[in-house]
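Below, chain A partners chain B and then partners chain C, in two separate complexes.
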Partner chain A sequence: MSAEATTIRRRGGNERKYRMYRLQKASAPYIFILPGVVFYLMVTIVPMITGFWMSFHNWSIIRPTQPWVGLANYRKLLADPLFWTSMKNTLTYSLGVVPLQMALALLVALLLNTGIKGKKFFRLLYYLPVITPLSIAAVIWTWMYHPNLGIFNQIVSIIGLQPQDWLGDPNWAMFSVILVAIWSGIGYRMVVYLAALQGIPRAYYEAAAIDGAGRWDVFKYITLPLLKPTTLYILVTSVISSFQVFGLINVLTGGGPLDATQVVVSYIFKRAFGDLQFGLAAAMSFVLFGIILLITVIQWKFLGREVTYE
Partner chain B sequence: MTNRMSRYGAMILAVVLLVGLSCSVAAQKKVTIVHWQHHSPARFEVVQTFAEEFMKQNPNVTIEIESVPESDYFQKLLPALAAGSGPDTFQIPAGQVPAYAASGVIQPIDSRVATAQQIEAEFIPPAIKRLKQGGKYYGFPVDTQTIVLFYNPALFKAAGLDPDRPPQTWDELIKYAQAMNKRDDKGITTQMGVATGGYGPVLISLMIQNGAPLWDTKAKLPDFNLPQAIEALKFATDLVNVYKVEDPQFGSRWNAFRQEKLGMVFAHPAMIGSFRATVPDLEFRIAEVPAPKAGGSRSTLLTSWAYVVSNKAQSEICSKWVAFMTSAEAQKHWTLSTGDLPSRRALLDLPEYKNNPLLAPCMESMKRSVPAPWTTRRLDDELIRKAYQLVTLKGETPAAALKWLTTEGVQAEKEQQELAKP
Partner chain C sequence: MSAHLDNSSLDSALRKHNRHEFGETAKWQRIIGRALTYILVTLGAIMMALPFVWLILSSFKTLQEISIFPPTFFPRNPTLANFTEVFERIPFARYYMNSIITSVLPTIVTVITCSMAGFGFAKYRFVGRNVLFWVILSTMMVPFPATIVPLYVMMAKAGLINTYAGLIIVGLSSASGIFLMRQFMMTIPDELLDAARIDGASEFRIFRQIIVPLVKPALATQTLFTFTGHWGAYIWPLICVNSDRLRTLPLAIPYFSGQYFSYQNLINAASLMAIAPVLILFLFTQRYFVEGITITGMKG
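Then we have the complex of A and B:
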């Protein structure tokens, strides 16, 4: 065999190796993310597509054949007053919980970011509701709201106001649920804000101090703008989770009295698993999805511009 | 020739023996029955006892019981049935049997275990009415309950009432409740006369007692726009709004009764077990519900679940297992342990029940009981409770509330009837 042929074969061998190397390099990231992608497809994308398909059928989970009904489920939900009541209640809940929860979480984070004594104890105290099981929290709050024995009515009686049936009166039930939701969610948001506050470089504050800025100016022109990405994150996730509230309302009021605390997700659950109307429930889920998506896009559009101080 | 014949004979014998052996092996083949039901500690214990006994009698059978909390029960059962990985036997509300049967996820009770005629001869009609589809029974009744009146004799005595003479009419009930009701100087209830809790089966029972059929036989749909139903709802809501002998702000009626702060409460007989388990020293008595007027009806709503067999399960052995859990012996056990009422005709007049002051009125109420004519579960409690709250919380008239209830009930029933179409 000539030396030339050997060289070509060797070169050919190297090319194969090189091609293999390039292929491996190109495919390795996909192989690594493959399990995650498969899992995500399995638990999110496939159910979403199936759910969308279901929404066009009179779908009963136990029936072997599911008749196609086109847009009938969407028309039915548009004409369902209870769906719109639950949507209105969800909006009330969201507007009641999110702004107050965020403001209080920021306030607590600002206080705990100072040299206050017992800082660790207070952080623990505010975070405790986050790790308290919902069912236990609900029992405690139910007792606090008890019309005859609860602490709330003891307090309102002392200040001369009329005792209320906090969870049993349609006029007060949503307010009472919002209060519990705020209490249970401050801790998590406080921790996120605290981490963001500690990430703001001291140099900005020192420069502001040299320029003679007051506390309010420092907060308004340095802290708040630099917290904007964090605020956006908390706002988006809080709004989404407030639209998806279920467990808290389920254990506190079950949606009552007289649907005063009936929210969209609990209504969807009831229509699906209580009445076996899975097609209708799927249509409701997609309407809810559209609303959440729209609100999130609006939030990004108006608050999503990143702030940097060069 | 003889040799050939004996060879053939030996071969036939061998084949027969082999077939027989394989059949016997198949008969002895291990069978596992997966049984699901919603959880309560007492019920779980009872079914476990049954399973042990059944496995003793059928050594080739293993029963695996899964007791699922009621709040998660359907969330778990329905997807499992849809995926074909559900249990072999399970319980569902009796009203939902037509929908499940039409969908094909459950199978009729195996006729080798019990024929339709046998079931009809052995069980009282209201307990099995909702279990029949196309001439076949799809389950056995369980958790059968009526409505009775629990009362506290000590509070009766303290109010100058005779504990041996519980109220006989609705008017008497109001008078008794007024005698026991107490409020402090601020007007806060400290002891309550009576409680219905606005509970659906109680309200429906009052309407049934008052002669309301609650069903439009022509349209085959629920109908609450009836003077008798309006009068019954008025009676229940007047206890809160007019006579003020029931105070929704008093908190849980069960806790109030346990703490001897409630004179009378309408409840399912199953509360016997609950009261005994939680407050063993509590002295209470039971009476049939008072009639609307002297000599009137004491019929109440019969609510029940059904033990059913999945379509993929082995028909005979699984039917045998659900029949075992609802046999006469089993029903006696249920009554003693959980307060579930027997639905077998032969048991209702047993001397041991007739002579038991707590159980005797329950058995009488069982004999008079009436099943709901509809199949939707929403009418059993959720919707009727809302109608009650429309009157007690929003001040609407009973007639307006029942008009709303009829509209909602018709829609809910139509949805269930649609599901029950084959």
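Then we have the complex of A and C:
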């Protein structure tokens, strides 16, 4: 192949071939991104817009007409006590899972980062729950939580606690769900923290050692501030996903007992696929989306100041 | 390196001047700290692994042993019968096939579409690039539940509910995949592409013969993430499928667990067989997972 193939083509007067070359070069980026972007937006943006439109209609799949009802769906859900219960339960779940899970993930990452032997093996064990299909993990936990035949009551009896019907008792159901959620998500956050810890230059620690800083000081004044962007990233994504919890709860408790674990998404499902009130369910989805957006913006605003030591 | 310390040497060490004394206690602190680290990490790891150990042990127990109170930990008469019986009692092979079809196919397509899109976003300047990329990244924050009700209505209108096509079509691309690929491809120098262009290579040939071989680790990472994601997919299949014929493993196992609690021995064997592929895959490819998390997690 000649190095000046294109120039020769142009000089040789092969205009058509040259135009073809120009065309493929100009269209190439669009062709590259087309399938990925179309397949993605088709299942995100398009349903979102449709859903927004649906939320202003009395939409049921079994009726031929979907009349416009304005804000009626939104008014209806704000007046629905079960919607507020599900909101409160979602908040309880989020507060129960996110802080503890983050703290434990950071602790494990710090411990694994001290140069202990078998780091890879431990990392593997902590990560196993992350790749396990959540609905099947929930089945395993249902079996562990079984009041008579499960192993969980045996374990708690070792530390002197009373056996419970973990998933069947409204007082314990949310606690039991939170425990499984923490278990299933520590590994991912631990790996993110571990990667961030390894990115902190050794020079900072050496300087601190020369100054005679204790372990706690090093953690408080060096490690923690430098991990701030990572912490913010984990916090924001964890809160978003905790507000969307559904699969785990659907398998473990189905929202019960007595709506003790009914969260917003499980309630949306109930309204949409149980009662076939699609318009109302779409409105609830948008209220949830708005709340998630608001919380995310607040977190960025108050915690998002960039920390750099360069 | 360090000599063994008994009480007398500890005493003498304490009697020595301050600096030396400080060195000795620091050493003991280090040893205790190290021991505590191992104990904590091991305790945590046991708690993480316990459900898996309990599942494996239980799946070798007979139905009779599983129904004893208090439960046994190790199986008394280990049996493999559960693993064969589950295929006879429920159409387990069918569910397995469904899972394979609805995981492998979208994974292949996703890796292709994401690597192409990642290349487009990383290596070209074109009208609307930044806007589109921003839109894709910000929709990562849109909760899946917010789109699922309208998605169901759209799919029902298109006649795709209760079909393989309906199961597969929602998973043919991913924002995190596009992002991962873009991050990887940005590190490839433009000179390499220009050199190929001067040699007369078309843009598609550049992608196929230069880019793809260079980003093989990213492709491996993307493949593994996508596959494990699809293997565990629950929410969309739950809505899309309402016939037994199309159930995938994450649907079938909770369904039977709810329906036939008295066959918990079979549920355990089925669960173990259902999670085995991803666990085994992960054992051999841990490195790629960690790399992928590092790239997507850090740049977020």
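One rule holds for everything that comes next: the second predicted complex is superposed on the first by the 259 of 310 C-alpha atoms of A that agree within 3 Å, B and C clash if a C-alpha of one lies under 4 Å from a C-alpha of the other, contacts with A are read in each partner's own complex, and residues count from 1 in each chain.
The rule is short, and it goes like this: a contact is a pair of C-beta atoms (placed from the backbone, for glycine too) under 8 Å apart; a residue touches a chain by one contact, two chains touch by 3 or more.
As the structure is a prediction and not an experimental result, all values here were calculated from the model.
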Chain C versus chain B on the shared chain A, clash or fit after superposition: clash
Just to be sure I read the superposition right, which of the two partners does A:Phe32 touch: chain B = first, chain C = second, or both, or neither? second
Thinking of the overlay built on chain A, is A:Val46 touched by chain B (first), by chain C (second), by both, or by neither? second
Does chain C touch more residues of chain A than chain B does, or is it the other way round? C
Does chain B (first) or chain C (second) touch A:Phe273, or do both, or does neither? both
Contact-wise, after the overlay, does A:Ala282 reach chain B, chain C, both or neither (first, second, both, neither)? second
Is A:Tyr93 touching anything from chain B or chain C once the two structures are fitted on A? First, second, both or neither. neither
Of the two partner chains, chain B (first) and chain C (second), which one does A:Asn148 touch, if any: first, second, both, or neither? both
Just checking: does A:Leu258 make contact with chain B only, chain C only, both, or neither of them? Give me first, second, both or neither. first
Quick one: classify A:Asn58 as touching chain B (first), chain C (second), both or neither. first
So chain A touches chain B in one structure and chain C in the other; where do those two contact lists coincide? 61, 148-149, 273
In their shared complex, chain B is touched by residues of chain A numbered 58, 60-64, 146-149, 163, 165, 168-170, 256-259, 273-277
Chain C-facing residues of chain A, complex: 1-6, 24-25, 28-30, 32-33, 35-41, 43-48, 50-51, 54, 59, 61, 104, 107-108, 111-112, 114, 116, 120, 122-129, 131-144, 148-151, 154, 183, 186-188, 191-192, 195-196, 199, 230, 233, 237, 240, 243-244, 246-247, 250-251, 264-265, 268, 272-273, 278, 281-282, 285-286, 288-289, 292-293, 296
Contacting residues of chain B [partner chain A, same complex]: 74-75, 78-79, 81-82, 99-100, 102-105, 188-189, 248-251, 376-378, 386, 389-390, 393-394, 412, 415-416, 418-419
Once bound in the complex, which stretches of chain C touch chain A? 34, 37-38, 40-41, 44-45, 47-52, 54-55, 58, 66-71, 73, 109, 112-114, 116-121, 124, 126, 129, 132, 135-136, 139, 141-154, 156, 169-170, 172-175, 177-178, 198-200, 202-204, 207, 228, 231-232, 234-235, 238-239, 249-251, 253-254, 257, 264, 267-268, 271, 274-275, 278-279, 282-283, 286, 289-290, 293-294, 297-298, 300
